[in-house]
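Sending over a structure as structure tokens; questions will come in a sec.
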Amino acid sequence: MAQGLTHLNDRGEAHMVDIGDKPVTRRRAVAEASVLAEPATVEALLSGSGKKGDAIATARIAGIMAAKKTAELIPLCHPLALTRVTVEIEAMNGVSGLHVVATAETVGQTGVEMEALTAASVAALTLYDMGKAMEKGMTITDVRLVEKSGGKSGDFLRA
Amino acid sequence: MAQGLTHLNDRGEAHMVDIGDKPVTRRRAVAEASVLAEPATVEALLSGSGKKGDAIATARIAGIMAAKKTAELIPLCHPLALTRVTVEIEAMNGVSGLHVVATAETVGQTGVEMEALTAASVAALTLYDMGKAMEKGMTITDVRLVEKSGGKSGDFLRA
Amino acid sequence: MAQGLTHLNDRGEAHMVDIGDKPVTRRRAVAEASVLAEPATVEALLSGSGKKGDAIATARIAGIMAAKKTAELIPLCHPLALTRVTVEIEAMNGVSGLHVVATAETVGQTGVEMEALTAASVAALTLYDMGKAMEKGMTITDVRLVEKSGGKSGDFLRA
Amino acid sequence: MAQGLTHLNDRGEAHMVDIGDKPVTRRRAVAEASVLAEPATVEALLSGSGKKGDAIATARIAGIMAAKKTAELIPLCHPLALTRVTVEIEAMNGVSGLHVVATAETVGQTGVEMEALTAASVAALTLYDMGKAMEKGMTITDVRLVEKSGGKSGDFLRA
Amino acid sequence: MAQGLTHLNDRGEAHMVDIGDKPVTRRRAVAEASVLAEPATVEALLSGSGKKGDAIATARIAGIMAAKKTAELIPLCHPLALTRVTVEIEAMNGVSGLHVVATAETVGQTGVEMEALTAASVAALTLYDMGKAMEKGMTITDVRLVEKSGGKSGDFLRA
Amino acid sequence: MAQGLTHLNDRGEAHMVDIGDKPVTRRRAVAEASVLAEPATVEALLSGSGKKGDAIATARIAGIMAAKKTAELIPLCHPLALTRVTVEIEAMNGVSGLHVVATAETVGQTGVEMEALTAASVAALTLYDMGKAMEKGMTITDVRLVEKSGGKSGDFLRA
């Protein structure tokens, strides 16, 4: 049985669940993703930004725009009006790679975890796209929720 | 310097590179992603498919549809006409989680790595969405290219 | 004269009408569509679901996702945040075919008839697409509003 | 078993089938839809076009634009470059209603039935939207393929 | 320094700014665009509307639909639920060309200048597309905000 | 009569014209747009790029992404697979403002004027969006085709 899967009804069929009775509250989620790459690729992506070019900016904007497309991509997500989206990208510590942190906020009836995760994922995919001519073996890893607040299911903070 | 980043011109500005002179060839890419989750969540997602429901089917379809949106999501990707997309999802061996394998093919002037990676990522995000009421801590990991063939840059096969 | 057509102004020009003064209320609409097909096609589509595969699930998800695209497809529809969408598909009684019922809900300033009708239509088109290799002559029929509630224009219930 | 459903693999899983080996040929499909409505509604929609306004033009354009969105709406449709789309709308003979005929063409590896059917459906839905302030009970019926040519599966012409 | 550019943070990075604390108010913006063209082209476009055809209607509908796509096109725009959109197109006085006026309204937390400007721009681009077989040299000019009301930054009225 | 407007049939109805018999050739178009703004705004936008931030990069990427959406925005445009898109933005000479030049290329059956014009327009709209907190009165002007080559209708070069 599909017990616990709220996106399936009692016959196991997918549906977009009813949120019409949930209160309108301010909601926030933060997600992260890491892109593991060779030092030369990381260096090229970073120097391709700042004074030199658009590499990091392109990934940041791709992530922000993807957050707005979440309900188009994830079949059972409710459409919602995001009130804030940020994507930050920087070199990882101790590992060769880039770290993406995406924050999404809304004032609405449902949470924004999927928006934050989608922004982080698409920013990471865009970094892969920018760097793939140098290194096809880059790996995106640790795409996950960091924190979440504002819903009735309680706050979440990754341990 | 942005040396090696083909998506930036010599001033470091993002552009969609010229592929007009590249030959039309048959191209194929395979990508994977893993979703690490508790056994109970994996079990619910799997049993929510097969005879019981739509969980895995929803993720598979989300991945296939996302492959078709790749050029909308990744700023410098060329639009292309995919000739085949498949997404397979099954339980992981030795680890509690689900493994996604996405294959994309086209007959065209540029490769389909990003289409395969986007399909795998969005299928994984959809699995997260389906299971998040049970476990917000699921992690998507090892999103990466498995193999690629058909372009002038040579074939790629993950070691 | 285009009397009675609220989507045209007094010069007959299309516009998206002003709903800014309408109250925010909970709104709901149910629509249906029927897909007439040979028994063998109906059987294949149904057995291609449940324990055997994704046919019905694919149509259900297509309908849910299409509901979210209504304002992109229907030129003068207002964008709105759906709070619930369901699509149910089952064999027809007494006739060889499949029956689709779509329900859409929102809390907003305008009704969701078009969302329910779009979901039902696209689910039916997807069933056609799934079955067309077997039977190109399938017909979609009786796409219509079943009930509507929540707006100032009064409730509607098909006789 | 899902025998005959080409969009499912032998495990019953949805996939976008491989068309990479199919020849590039000129392909054409014609589809129709009927919108049954009261004479007053039909009259308002028709007079809201021609010299008086945009009603029919809006539906025609919605149908043409929807044809271009077919691969976004129908999960397993291949994206393709339409070379021609027309939508014609006129009063029905002997029945009170409007008749929609949509034609789609491409030069490619797969047929355009779904594009023609989607154009006809969305044009019909838009006529409903334009007229629904007058008559919520309008019914869309007989959405079906009229003819198809250009593929290896042979031509189709509705009897 | 990027002083004054609210869409950049203090490191110069693009973000979608936080509007979660802004009051929900009724907001309205009007924008215009002009399409300069030869008298024969203007005449063909105008006569291609009214009783003769769909030229102006097509541009009007394109503008209305584009308003709904603003947040997809302009990277840092917040998605919002438009409550009204109109696009008016008429011959210019004293100059050979067509004048577009677009009005957008919402009840929300942020302004609709970009929606009005996008509607006017895309209506103008569509007029260009309709007329380009006659005159490729048409120029779109004076795309600008005419008035804006409803936000805390004060009303704007072009002098 | 709508003589000369190829997007209308002989009844004045909009259609997407048949290009199925046109040869596949390499096609290219260049378009421009100017954004007139106060020196302080121009300075902020320019310094918000390069080493300081993402302003110009955001507009460049918005233009490139919009080129890929042209057939979604302009109702009668054929969808096509762009093989190259570039957007360049720099300070104007002798006038206070920013100049946008967009280039689009394809190998196909129809021209890419609308893609280049759409890229230039949306890049200009994005510059407006980035700078509007400083100056709501900015004007976008001289949006026009600069050159075009590759189609049977002959090359175009603005005098």
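Letters are used for the chains, namely A, B, C, D, E and F, taken in the order the chains are written, and counting of residues starts over at 1 for each.
Heads up, the rule we're going with is that a residue touches a chain if its C-beta (ideal position, glycine included) is under 8 Å from a C-beta of that chain, and two chains touch if they have at least 3 such contacts.
This structure is a prediction, so every number in the text was calculated from the model and none was measured.
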Other chains in touch with both subunit B and subunit E: A, C, D, F
Repeat of interface D-E, chosen from A-B, A-C or A-F - more than half of residue-number contact pairs shared: A-F
Subunit C and subunit D: spacing of chain centres that average the CA atoms, whole Å: 15
Separation of mean Cα positions, subunit F and subunit C [Å, integer]: 36
Inter-chain centre distance, subunit B versus subunit D - centres from mean C-alpha coordinates, in Å: 31
Residues of subunit B engaged with two or more neighbouring chains: 13-14, 54, 57-58, 60-62, 65, 69, 72, 75-76, 81
Every chain pair meeting the contact rule: A-B, A-C, A-E, A-F, B-C, B-D, B-F, C-D, C-E, D-E, D-F, E-F
Of all residues in subunit D, those that touch subunit C in their complex: 1-8, 11-14, 40-41, 44-45, 47-48, 52-55, 57-58, 61-62, 65-66, 69, 72-77, 113-114, 117-118, 121-122, 124-126, 128-134, 136-145, 148, 153, 156, 158
List of subunit F residues in touch with subunit A within their complex: 50-51, 54, 57-58, 60-62, 65
Subunit C - residues contacting subunit E, complex: 9, 13-20, 71-72, 75-76, 78-81, 108-109
Residue numbers on subunit A that touch subunit E, as the complex places them: 26, 57, 60-61, 64-65, 67-69, 81-88, 105-107
